[in-house]
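The structure under discussion appears below in the form of structure tokens.
Naming follows writing order (A, B, C and D), and every chain is counted from residue 1.
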Amino acid sequence: MHKKMLVTVAAVALSTTLFAQTKPEDTEVWEPVPAVVTPGKINTDAPSDAIVLFDGKTLDQWVSVKDPSQPAAWKVSGGILTVDKNTGNIQTKRSFTNYQLHIEWRVPKNITGTGQGRGNSGLFLASTGPGDDGYELQVLDNYNNKTYVNGQAGSIYKQTAPLVNANKKPGEWQTYDVIWTAPKFNSDGSVQSPARVTVLFNGVLVQNNVALQGPTKYIGKASYEKPHGACPIKLQAHGDKSEPLSFRNIWIREL
Amino acid sequence: MHKKMLVTVAAVALSTTLFAQTKPEDTEVWEPVPAVVTPGKINTDAPSDAIVLFDGKTLDQWVSVKDPSQPAAWKVSGGILTVDKNTGNIQTKRSFTNYQLHIEWRVPKNITGTGQGRGNSGLFLASTGPGDDGYELQVLDNYNNKTYVNGQAGSIYKQTAPLVNANKKPGEWQTYDVIWTAPKFNSDGSVQSPARVTVLFNGVLVQNNVALQGPTKYIGKASYEKPHGACPIKLQAHGDKSEPLSFRNIWIREL
Amino acid sequence: MHKKMLVTVAAVALSTTLFAQTKPEDTEVWEPVPAVVTPGKINTDAPSDAIVLFDGKTLDQWVSVKDPSQPAAWKVSGGILTVDKNTGNIQTKRSFTNYQLHIEWRVPKNITGTGQGRGNSGLFLASTGPGDDGYELQVLDNYNNKTYVNGQAGSIYKQTAPLVNANKKPGEWQTYDVIWTAPKFNSDGSVQSPARVTVLFNGVLVQNNVALQGPTKYIGKASYEKPHGACPIKLQAHGDKSEPLSFRNIWIREL
Amino acid sequence: MHKKMLVTVAAVALSTTLFAQTKPEDTEVWEPVPAVVTPGKINTDAPSDAIVLFDGKTLDQWVSVKDPSQPAAWKVSGGILTVDKNTGNIQTKRSFTNYQLHIEWRVPKNITGTGQGRGNSGLFLASTGPGDDGYELQVLDNYNNKTYVNGQAGSIYKQTAPLVNANKKPGEWQTYDVIWTAPKFNSDGSVQSPARVTVLFNGVLVQNNVALQGPTKYIGKASYEKPHGACPIKLQAHGDKSEPLSFRNIWIREL
């Protein structure tokens, strides 16, 4: 582009670029109109467009991981869902791609054990197979309980440590608010864009739009073994010797 | 790379790759240890590492935008901060780069007016200059009040509409939770990476890690006019004829 | 996730993770099979899948920008296309989205003038409107000719300076090899992902996957004024007083 | 933000935004001034700022991978470097982070074998360890020779297939032009941003700014096992039974 006479420039500007968007109305957009959603009375309550995954009464939205044709057999009582290690992991009937998720969990007040053996469970943000396959947001009591930092509560297990340790005391209810973006794959199976996750732990940011390197592995580094589409969300039944932990108020909004 | 005899491969695998990370401990990371943060009693309460920008008592953290040497002169009463259009916009004393922010706002129950003239204010996520310069997260009553979608509550004004309309009724307190990533600039002033923003409106995701095209403009499209570093956060004094709106419980965590 | 007995781990590893991908064949992908393309004899020659935009003989692939129903009227002689400032800008008949482009240009050996007035033209990578609208890769003689750095050859005009100054002398043929990724827009007109460009100037990298802030502006900062889809490619007729510059060997591959 | 009277708007626009950037000069940037680089006479020749890794005469820039204290022992003759499978892989003395690389290779005209056993070698864009560790751009004769698509020439081995098959016939010299962006890692060892690569094969784009999932693995999926900084570039000695292939004209520009 070249330097013209300023007088020409001014004329051009006035006649095209400038006048093309002189009016404030020129940058108003009127549609599509965002859908109306009634938010919860408090922010932890489910908004009107959420799918309620656990409302304190039934496990209708969940099945057994071992045998998805069977109902989830964890204990529901007093509005609370408690892990049953004998019946194993449970997962949602539905599969999800991108979403906003809210879940609350509580470690028993009288929890014992140390390291990974103290209130251990896990929230698999996308269950890519049976057992412990998937992207695991760690659930653990790390209030004054030390473990490896990429294995503490708020971590994506064995992959990314949380920004801070925002654990509450055992016996108190804690919250995870998750924004999940599923990975995309090319036709040859290679990764087009990785999974991304943002996590608020008790209202405190612990994962900030982190790109994941693949589903969680217990041994070895995470990698994308194979392409996947929408997946169930899974809760882990662990083998602590002490009392099991509990969940409540689980809801999800598809994005 | 070439295809070796499987027997060799197995041997190599067993002796190097496999054994190199056979043990679960190989992928444990023990430091740096995330700082301990005590979360709020409820998620809207300030965590222990937050800078409280408004605690209901004083405007010590704020100054006038017209004259930053002067204190902010909006009215504080009953734990609430109320806009004073006569004294103009106010901004934080401190400047911020990347952060998590919580703020609550309320439109008067007896609000009148329509479109943009109904409970209008704005939260400038980074104030890049005097007046209305900066990246504006719109504040407006859009409960049954139609306007252009990129100008309704939850929008980045004149730039990105919210994903949904999650307004509460006038008279109810509403929340914005914001994750802000500042833009970066190259040495020639060009944009290295744009600003990014995530917003939860009353707990509902309305902006999902959106890349911004520059500070807000009232006329014309947003663009990055010039590089900037850390910036104050600014609240807008608007000119509605009806009663002004209020703010409370403002805190921020630097990331 | 929890720490199991190592013996169990080993068993699990051997029975699932390990054996699941023990064999090299497990990570071979056999389709889709990439199309066969016969490359040029030398790298500047058009590959077999290219659309030849100018082969030295005709301007069949081009039209006048002033009146796209009219043929491009620049002069073709001796395998070379020479700018005709009287007939104005020319553009391709076809529109393109993502592509790889090769073009060669030459400033007259006896060029005179200074700054922007010395061999000025421009390659609009996507022409978003009449006149000089679009994303302009600057064409100019900057061999020992100083100008603003975001206006020199290899720059995206008024937006990003080239990484280095790789100009050849006037009278020598020079090459641009461009990889262009078009911007994407959301349904509300906001930017989903910006345009990206990589440019090799005489084989030297001058733009490295740079995200653009919008089509070029002569006055003001670039911004995305409105969404656009596939666009023609445009060559600029400038108003230097000295002899005009020339182009040859233009080809494009759609990606 | 609110809707003001248009007359006010016009006044504001004229007095601030508009006049602030009315002049074309307002968006000119004059420094930093890009360094002057003399490009090669033809695009495959080394530009003046390149480090010449192989000029046809000596292997001074290379060492043995088995024992980096020893010189590289491949054969240099007639301006050409020929693989010697007996002495194993060779790598550069220097380490590199981000760069533009040019290399030429030739499969013997009388090559025999099929699949991966036909002119197999590899260019490790960053050698992360001894042996075949690193990010491997596959070298192979795939002119009428079928193999798995993520193992053919132009692929990042076992990771991303090339966009097209741009092989020349055995006996002809072929080129790779590579733009490499090294991965970045967080302090806990997690991936901040993955490696990215663009490859032109005989002037044809085959990898377009692809994000890599980690260094190449022969067994299992690629993953980032551990953080690394600058790395040598490595050439692979493979074990074909037929005549070995050759390299020439290798240069690199640090970015």
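Quick note on the criterion: contacts are C-beta pairs under 8 Å (C-beta built on N, C-alpha and C of every residue); 3 or more make two chains touch, one makes a residue touch a chain.
Remember, it's a predicted structure, so these values are computed and weren't measured experimentally.
Q: If you apply the touch rule, which chains end up adjacent to both subunit A and subunit B?
A: Output, common partners of subunit A and subunit B: C, D.
Q: Name the chain whose C-alpha centroid is farthest from the C-alpha centroid of subunit D.
A: So the chain farthest away from subunit D turns out to be B.
Q: Going through C-D, A-C or A-D one by one, find the pair whose contacts repeat those of A-B for over half of the pairs by residue number.
A: More than half of its contact pairs match A-B, so it is C-D.
Q: Could you please state the distance in Å, as a whole number, between where the Cα atoms of subunit B are centred and where those of subunit D are centred?
A: Whole-Å distance between the two chain centres: 39.
Q: Just the number, please: Cα centre separation of subunit C and subunit D in whole Å.
A: 20
Q: Between subunit B and subunit C, tell me the centre distance in angstrom, where each centre is the average of that chain's C-alpha atoms.
A: Chain centroid spacing, subunit B to subunit C, equals 36 Å.
Q: Which subunit C residues reach two or more other chains?
A: Counting only residues that touch two or more other chains, subunit C contributes 3-4, 9, 13, 21-24, 29, 31-32, 149-151, 158, 161, 188, 190, 217-221, 225.
Q: List the residues on subunit C that touch subunit B in their complex, please.
A: Its residues touching subunit B are 3-4, 6, 9-10, 13, 18, 22-24, 149-150, 159-161, 186, 188, 190-191, 193-194, 210-211, 213-214, 220-225.
Q: Give the list of subunit D residues in touch with subunit B in this complex.
A: Interface residues on the subunit D side: 1-4, 9, 12-13, 16-17, 20-21, 29, 31-32, 115-117, 120, 122, 131-132, 136, 138, 151, 157-158, 187-190, 216-220, 225, 236, 238-240.
Q: Enumerate the contact residues on subunit D facing subunit C in the complex.
A: By the definition above, subunit D touches subunit C via 21-24, 26-40, 42-45, 47, 49, 100, 102, 148-152, 154, 158, 161-166, 168, 175, 177, 179, 181, 196, 198, 200-205, 208-209, 217-221, 253, 255.
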